[in-house]
Structure formats: C-alpha cells, structure tokens
Amino acid sequence: MTPDLLSLTGIIKSFGSVRALKGVSFDLRAGEVHALLGENGAGKSTLIKVITGAHQPDGGTLAVGGVAVAALTPARARDLGIACIYQQPALFPYLSVAENIGLRLKKSGPFSRTRWKEQRACAKELLERIGAEISPDAEVSELSMPEQQLVEIACALGTGARIVIMDEPTASLTQKEQHLLFAVVRDLRARGIGVIYISHRLEEIFALADRVTILRDGESIGTNPVADLNEAQLIRMMVGREVSQIYPPSRSAPGDIVLSLKKLGSRAGGVRSVTLDVRAGEIVGLAGLVGAGRTELARVLFGITPADSGAITLNGQPIAIRSPRDAVSHGIAYVPEDRRRHGIILEMPIAHNITLAILRAFFPLTLLRDGAETKLAQQFLFDLGIKAYGPDAPGASLSGGNQQKVSVARWLATNPKLLILDEPTQGVDIGAKAEIHKIIRDLTRDGLAVLMISSDLPEILGMSDRIGVMRGGTLTAVLDGKTDAHTVMSAALGKEVA
Amino acid sequence: MKSEIPTPTIHRPEACVLRALLARQETIIFGVLVLEILLFSAIGTNFLAPDNIRNIARHSVEIGLLALVMTPIILTGGIDLSVGSMMGLCAVVFGMLWGEAHWPPWLAGCAAVTLGAAGGAMNAALITRLRMPPLIVTLGTFSLFRGLAEALTGGSKSFTDFPDSFLSLGNSLACGVPVQAWVLVGVFAIVWGLVHRTTAGRAFRAIGFAPEGARYAGIPVGQRIALAYTLAGMVAGLAAVIFISRVGEARANAGTGYELAAITAVVLGGTSIFGGTGSVYGTLLGVAAVAVLSNGLSRILSISDISRELSGMLTGALLLVALAGGALTKAWSERASRSKPANPIKPEPAADTEQPPSNR
Amino acid sequence: MIQKHFRELSIAVALALLLVALAVFAPNFFALQPLLSRLTAQTPALVAAIGMTLIIVSRQIDISIGSQFGMCAVVAGVLAAKGVPLPGVLLASIGAGAVMGAINGALVAWLRLPSIVVTLATMVTWAEALRLWQQGRLLDLPEQVKWLALGQTVGQTTLVVFAAALVIFAAWAMRNLAAGRHVFAVGNDAEAARLAGIDPQRVTFGVFVLMGALIGIAAVMSIAQSPQVQPTCGDGLELKVIAACVVGGVAVSGGRGSLLGVFLGFLLLANVNPALTHFHTQAYWEKAIQGLVILLAVAADGVRSKKAINPVVSAVQ
C-alpha cells in the first residue's frame, strides 16, 4: 500500500487566543484531486499555510510520502515537491515567460551565467506539456491572468511538484480557459500528482474532485468521496445549519425605466453599441464570459472610461458621464469587482470608508463631523449585519464578506438611483453570500434599479428579473429571469437563442 | 434587514492605550524634543532665555513653512523636491521686481506667491495629466527652477537695499514674538485644518493609501493633488519673501537644501513616506526638534562651524533612529495586541479567499 | 524591435542631432585634446551611473552618492598625500564607499526603511561629517596620482577606456550573470523573487554596497584628474546620475532598464552644457536645461505608455 503523498494528523494552530485549527486531519493520495471546502474563517488558508511551511503547527504531525517532517519551511516544502498556485501569480511582469520559469526552477549561484537557449527550450517544453499556447519570449505583463496562471502551473510541473495546491484557480477564467485548466488538472492527476483544490464553486468540485474535505470552525467535518454527496449535503456540512433561500425572490413588478442605454459605445473602453433598460425595483443580471465587456460597460456607466457614441438616459433625462464624480452626482453607484483595491481602503476605518463617496454631500462646508459620521456607520453596521468591533475598525480587520458589505454600504450611502454590482459575492462565503443577496433584494423593494454583473450562473439565474448576456462588448440577448443556464450559456457563447 | 444568522461577537483587539500612544512617532519625537530642551537648558547658558527662543523661532520659520505644506503632499503618497528651488526662483523674481521694475515690496511679494502657485500647479499638471512619478517630476523642476533663478541673475547678481518697513517683517517683534513666527502659526492653522478637519484632508489620505481606490470612490484625485502642490508652491513663494526680509538680500541660492530639511522634519514627525498616515502637528514637532538641536549645539560648542556640521550629522542620525525606532515599536505593539491570524494589512495570497485583479 | 528599444533609439537620434548641429555650427567642439579632456572628466559620473541603474532597477533610490563621492575622494586624497601607493589608495576608496553603501543597504534591506529617507539621512550625515573633517580645505595631491602617473594623454585615454570597459562589462553582467538577473527579479516583485529562492534582502544590500564601491572607483578616477581634491566635488552628482538613468529609460518603479539607454542618456545630458558653451550661450542655463530634459524624457514616457508606469501619485515604491 503506497503511503499517502501528504498526511496531516491532528494539526493544531493558534494565533494568540484564536484557535484557527483545532486538530485537523487531512490526507492526499497520489493521483487524486482532493477538494478543500469551507467558509471563510473555517481554517482553509491556515491549513494550506501549514502545508506550504509558511506556518508551524502548534501540534500534530505532518508527513510527506510517508516520512514525517518536523519544522517545515517554505524552502523545504518546495524541495519536498509541494507547490501552491495562488490567485495572484507570483511572476515577474517585465521578464520573459522563459526567464520566469527558469528563475523558479533553478537556484543558481550569483556568478553563474544564464544559459538563454536552454532556458527557452525548457520553458517551451513545459508549456507544451500542459497545452498552453504561450510564447516563451512573451513578457509576462502582456499575458492575461489565465495565461499567467498557466505559467505558474508550468513552473510547478517543472519543479517536480508531487503535491499541487490550487487556490480558487478558476476565479477569473473564461469557460474555454476553465476547460483547459480542468484538462490540465486531470493531466496532473493522471501523472500521479496529488492536487488540493480549493474552490467555492460547487459545480467545479463535482466536476473535478475525487474526494472532498469540509472544514468548519477549524475542524474537519468530514472527508468523503464526491460521488457520495449532493450539493445540499455539502452546503449543510459547510455551514452547519440550514441555509434557506440563498436567492430571495422578487415580489413586486418593476416600475418606471431608470436607466436607458441606446447604442452606447466606447472604443477605448471596449464596448460596442449596447441598448438596454433597467427599471426601478428590478435586478438586471449581466451574464457573459470573462472578457465579454461587462465590467467595461460598468466602467463606462460609472465614468471611468468615457463613452464616445450612443446615449445614456437617467429617469428620462439624457446625461453625460465624464468621471466617477459625475456618475455619483447623477445617482449612479458602482460596487467594483476588485474589492481590495477599489472597493474598500483597507487602512482606513469602516466609518471613513463609508463616507468616502459622499464627502461633499455629508460634510457641509467640507468640515468633518466625527459624531455624525460614526452614527451613520453604526447604522450601516446594524442594517447590513457587518461583523466588526466598531465603526473605527480598519477595513483590513474584516473578512471578505464583511469588506464587501462595507463596499456596498459606501454606495448605499450615496442614495443611488442605479446600483451597479460587479461580482458582488465573489470570494465570499456561503453565509455572507445569502446575506448580501437578501440585502440586494430588499433594496429593490425600495425602488432601486440594480444592474448585477456576475460570473456565477446560479447567482444570475436566481437573482435576476431579466438577464442581459454580453459577448464581444455588446449585448447578444436579453432574456427573461426565468430562463435556464443552457440558454444563457449559449447566448454567452454567441450561439443563436430563441 | 438584519441577518438571520447568529452574529459571533467580535472582540476589539486588546489595545493598551499607553502602548498605542508610545508606538506613535509623534510621541517619540515629542519625547526627543523634551529631552533636547532639558539637556540644553541644563548644559548651555541661557538656553531658555526669551532672546534665544526668538532666535530659534526666527531661523526655523522658512523651513517650517515648507515642512507644513510638504505634509499634505507626502500624505498623498507624493513628494516635492522642488520647493527649495522654488524659493530661489521666487526670491530672484521678487528681487528683480523690486530692484529693476521698482514695484513696491508688497506687490512684488504677491507676484512671488503667485509665481510659486504657478510652479506648484505645473508640478501637479505633470503628475496628474501625464501620469509622471512625483519624485522625478519634482527632481526635474528642482533643477529647472534653480536653473532659471541662476540664469536670471547670471549666476551672481543679487538684490538688496530693501526698505526698513519690509525688513521689519523678518527682524522685528509683534507682541514679543518674531513677526514671521505669527505667519508660521497662521499657516500651521490653515494646513492643520485642511488636513485634519476637512474633506480634502480625508481625500489626501485616501489617495495616499489607494490612489485607484480613491478614484473609484468618486474623489477628484487630480484636483486634490493640484491643491496640495499648488499650496506648496505658494508657501514656497511666501517663504522666499520672509527669507529676503530676514537676510536683507534676494539671491538665487535662497532655499538651497531646504526641501530636504523639510522632508526630514515631516518624516521625523511621523508622516509615512508611503502616504496615508501622518499629522501636521507631528511635522511641527519635527521642525522644532531639528531647530532646537541646531541651536542648542551652537550654544554649547562655541565654535559655530562645528556645531552646524554636528547638528547636521545628528539630524541625519536622529532621522534614522526615529524611523527605525518607529518601525520596531510598531511591530512590538502589533504583535502584542494581535488577535487575528495573519497580518491583515499585507495578507499573503491564501489568507482570505482573494479576488483576482480585474483583467477585463 | 523598434517598439522594444524605442527609448534607446530616440535618445540616440537626439544625441546624433546634437552632434550634427555641433559639427556644423561649432566644429571646434571636436578638437581632439579638449574632447578627450571633457570625456575623461565625465567618466566618474558614468561609473556612478552604472551603480544607480542597478539601484533604480531594484526599486530603490540613492541620493547620498554625492556625499559618498566627496568622502571617498577625501579619503583617497589624504592617503595619497601620506604617500600610500595608488593601488592602496584605490582599495581604501572602494572600501570607504562600500562601507557607506553597506550602511545604506543594511537599513533599507533589513530594517525595511524606505530608501529615499535613509539615503537622505546618510547624505546629510556624510556631507556634514566631511565638512567637519575638512573644513572646506582643499587637499593637495602628490604627483604620482595625477593621470595615474601615466602622463596626461595616456592617463586620460586609460580612464576613458577603463570606464567604457566597465560599462560594457556591467551591461553584459546585468544581462547574463545570475546576480544581474536577480536584481531585475527583485525589482519586478520581491515576493516572487523569494519564491524563486532569491533572497531580496541580500540582493538589495548587495546593490547598495556595489553602488558604494563604484563610487569609490569613481572618486579615484576623479582625483586623478586634478591637482587638488575639493571636498564638495560630489555636489550634484546624484542629480546628474539619476537624470541620466531616467532619461535612459530606467523605470522608477523598478524591474526595467537598459545600461545602453543610460549610457546614451548620460552622453546626451553630459554634453548639453559643453555644447551650450560652444554655441556661446550662457553657461548658467545648464541646470534649467538639465531639468527640462528630465521632464521631457519622462513626459514622453507618460504620453506613450498605455499602462501607467506608476499609480497616479506614488513617490516611492
């Protein structure tokens, strides 16, 4: 019986008084895809850090290939064949792909000469092995995110990794690239490599994984073959309670048209001729593959990139939007996709984040008023169920879901007529996802028009009253909310839909 | 709207007030200032005499003014190396308007301040419109402004013979305090109000922490940066006028090295060179610490030449010690009060399920 | 190809235009002996520019090199005056520079202090220490130092050839030696470098030490050209050198840059003033023109590039 590639028993890890891992056992066999599932804060990331040697466990044992390892360091983990592919590829943007791979693969002394031909050939071979159509001479900064991830995988392969950890790898991939990635993962599995796959997308887990381990509150709830479980069981094990109604339904009919786009285009922004209406009280979902132009459209509506053709009408008035400030003054709000960079300022307290978009309106004569600001923040903390120790807590102290709520709070504070949400629940755990969906639906009852961009098909289908599908910078279809996934996907792929 | 899911209680991280206070750079530099005052009043003679205090005040106003307006700039994550050179250019233009065009000093002063504003606006335009890094832009204007000043004076000309009424600005007292010190107080009040009590100040910090994030929040980033740099240019012009009234001469090398002294004071006072964190009163403390050090040493060591160099060296060392000390105490206080698993400000990729950057 | 080397090509064109204008309007610019003397006088700054290129590529900055230069020059001069033979003088100068560089490097690399502030502090400290030590005195140099005891023409040629060889070697090393690639790696992304088994702290420290050592070499090259050492001989060096790097296309955000571009930029900037003199323009326009050239060079970058080189306003990385 071959020993497990990786075997953790009774891992305990605490940070101060917080017990992140309370005795977790996990094993990885050769030639398997083992999914790791759990809400944020469940301990997944801590467990991964223990495996990659970034954290030392306070208790428990770790064995690689049957051999116990004490005091694992990142360097030692790499030597033992453990590789981790993060969402943010750790590549050198201004160096070539070949050099990136070469630097990762070889540890050379400072005075050794670089063998350019060999480096290029090695990179070419690795890239071909995983079927990536990337030139080894390309500069990494010119590659798309998915291409960069493939380079990372090539590196992992090249370093002879036997244990590959993938952290939300499909988060920004198109459908085609996802399939490519799945093929790569299956190829890794066929070679006897063990893959630890972390994802919030249950459909991926069912498609790809052999076994799944669920973590909750620092404990392992169970390790089961995927074939033995269904989605409801998985969710219940993750959350430990019944999560009713992830997608609250709409109750009332939509009102007047709030936003009307007629042949809106922006060459610089990558948008071609979009015609769309959004009514008060309705949620229009915007579906499409990555690169279809949805965020580009949002950026045009929000004034980040200017429109150069077509018309935007808000509540019957034609308007021009030249900057985010313009957009806000017209009542358009945008909760951006990149939460950590654009949605919330991590170093600033929650209260300051919330008032950041309403500085002019909230503070007359530009003079700050701390008391009023704190009160406003506390109201939002309560209304949106944001879990923080106070309005003065810095954004960085919050979990992803709560950061997203603060981002939403900032824009709700502007009293918008139109709220554009870009991937509102990406990277957010199931519990917070449900809360955010309920918040959005409740807002529409008060007459808010919502344009929701999402790559999560179940979310689009569950939340939208109507669905606009984009492809190549333009709308290919506007479907009723009760349509099915197949129709949406066909439209997204450019096929004719009824 | 309240969530149905039970809320786990979030505990405020144990923040020992004393530790948090000690970890602040402003406290450290205040302590240094107090130490200096105690030391020099014990060792030297008449350190605390009113005459000497007036002396200290008089000599530190120009750099103090520059340091005060440097603060909002550094808060936005930028820097302005050109303020000293701007002083030189404004001084020369002032001198020419007075000496050759025979303008009255007050009018020439307004022109100097206006010129400063224009120079600051030029810096801002290059930084925001052309997206050029402030370090390099202001390095270029540092050279350009000083070069223009030297070219205008042929490298050697200077202007003197100012009326006594003008010279009294830099050399006389109002209510027992040197006149220019009141100017410093006034500018301090304005800059403090701007940075700490207005929305512009909030915008400065947001831009410093996250320039793109500030833009996405609808903050008019270009306008705010223009405000910071234009203000700096204006005050550089003002400092030039005060300098001329103090020394009685308008020359091209006015303000040489002042920008570095200003930046030193700002950083000593706790403003992070990366932007976002900092305070205006910290800057004032930084200015005071350096001024007191320089003055105190010159009184102890009767040979004034050595004292100048020594105070310069000690200032350099003080800057390093303050920075290193600040970094170490911050790490100590963070470690002690930490209750979250990973350092939240700079999380490693797998710390929280991350969003990928937008690649659309 | 043109796109990739656009910066180098445009500087080369600008330089060529300048030289053509000189050839037509002021041909005595090319008189051999004065030309050689001018070139030789520029070699110390060129050597310093090599070090600054590495520093900026590694995402740091060093504004203390002017003070370091003065310090090394005085150390070298004092030892030479005491009769220490030239090789010893050179070694001592390199050693002094390396020590000062090491101080910068340790503070930046291990205490993680921002390099602009650290080098600001050390710049002031060394400058004042030097002033304290020398009190502005000029140091007389013994005969054997002048022109490296080779006589003027041979000495000058040696210095120029040496500088050129150093530049060529440095360019080769930056491209082909692992140490050079490590500097680029760290300048691109220090964390990614760590993942690749590169120690960013050690690389950063090494770059500052190397800068100091190069300053030591440059200082000796400088004192070999004049009968006296002026303690203020390093004034303005950092501006000259950073300007050459910026004009030469080295990105302040790190990770990118070519020594060829820096070399061309250096030549362009260094010859603006002599050119002005030959065109009978006032010499005190030098600083203004230098500033203008910097602004134009970086503005060209800003207008051209699709992706912003830096976020809108960040001064330091």
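A, B and C are the chain letters, set down in written order, and residue numbers restart from 1 in every chain.
Simple rule for what comes next: a residue touches a chain if its C-beta (ideal position, glycine included) is under 8 Å from a C-beta of that chain, and two chains touch if they have at least 3 such contacts.
Note that the structure is predicted; figures quoted are calculated from it, not measured.
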item	value
Chain grouping by contact, computed as though chain B were missing	one piece
Innermost chain by mean C-alpha position	B
Which of A-C and B-C has more C-beta contact pairs	B-C
Far-end chain from chain B, centres as C-alpha averages	A
Where chain A and chain B are represented by their mean Cα positions, the distance between them in whole Å	41
Computed distance of Cα centres, chain C from chain B, in Å	29
Cα-centroid distance, chain A relative to chain C, in whole angstrom	45
Residue numbers of chain A (touch at least two other chains)	90
Of all residues in chain B, the ones touching two or more other chains	212, 215
Residue ranges of chain A touching chain B (in the complex, touch as defined)	15-18, 20, 40, 44-46, 48-49, 54, 84, 86-88, 90, 144-146, 167-168, 171-172, 198, 200, 241, 270, 290-291, 293-296, 304, 323-325, 327-328, 334, 336-348, 352, 355-357, 359-360, 363, 366-368, 382-385, 387-390, 393-394, 396-397, 399-400, 410, 423, 426-429, 431, 434-435, 438-439, 442
Residues of chain B touching chain A in the complex	1-3, 5, 7-8, 10-13, 196-203, 205-206, 209-210, 212-220, 276-277, 338-342, 344-345, 347-360
Interface residues, chain B side, partner chain C - complex	74, 76-79, 126-128, 130-137, 139-148, 150-151, 154-155, 207-208, 211-212, 215, 221, 225, 260, 263-264, 267, 273-275, 305-306, 308-313, 315-317, 319-320, 323-324, 327
For the chain A and chain C complex, residues of the former touching the latter	74-75, 78, 90-95, 99, 103-104, 107-114, 141
Complex interface listing, chain C residues touching chain A	175-179, 181-182, 184-185, 188-189, 191-193, 195-198, 255-256, 307
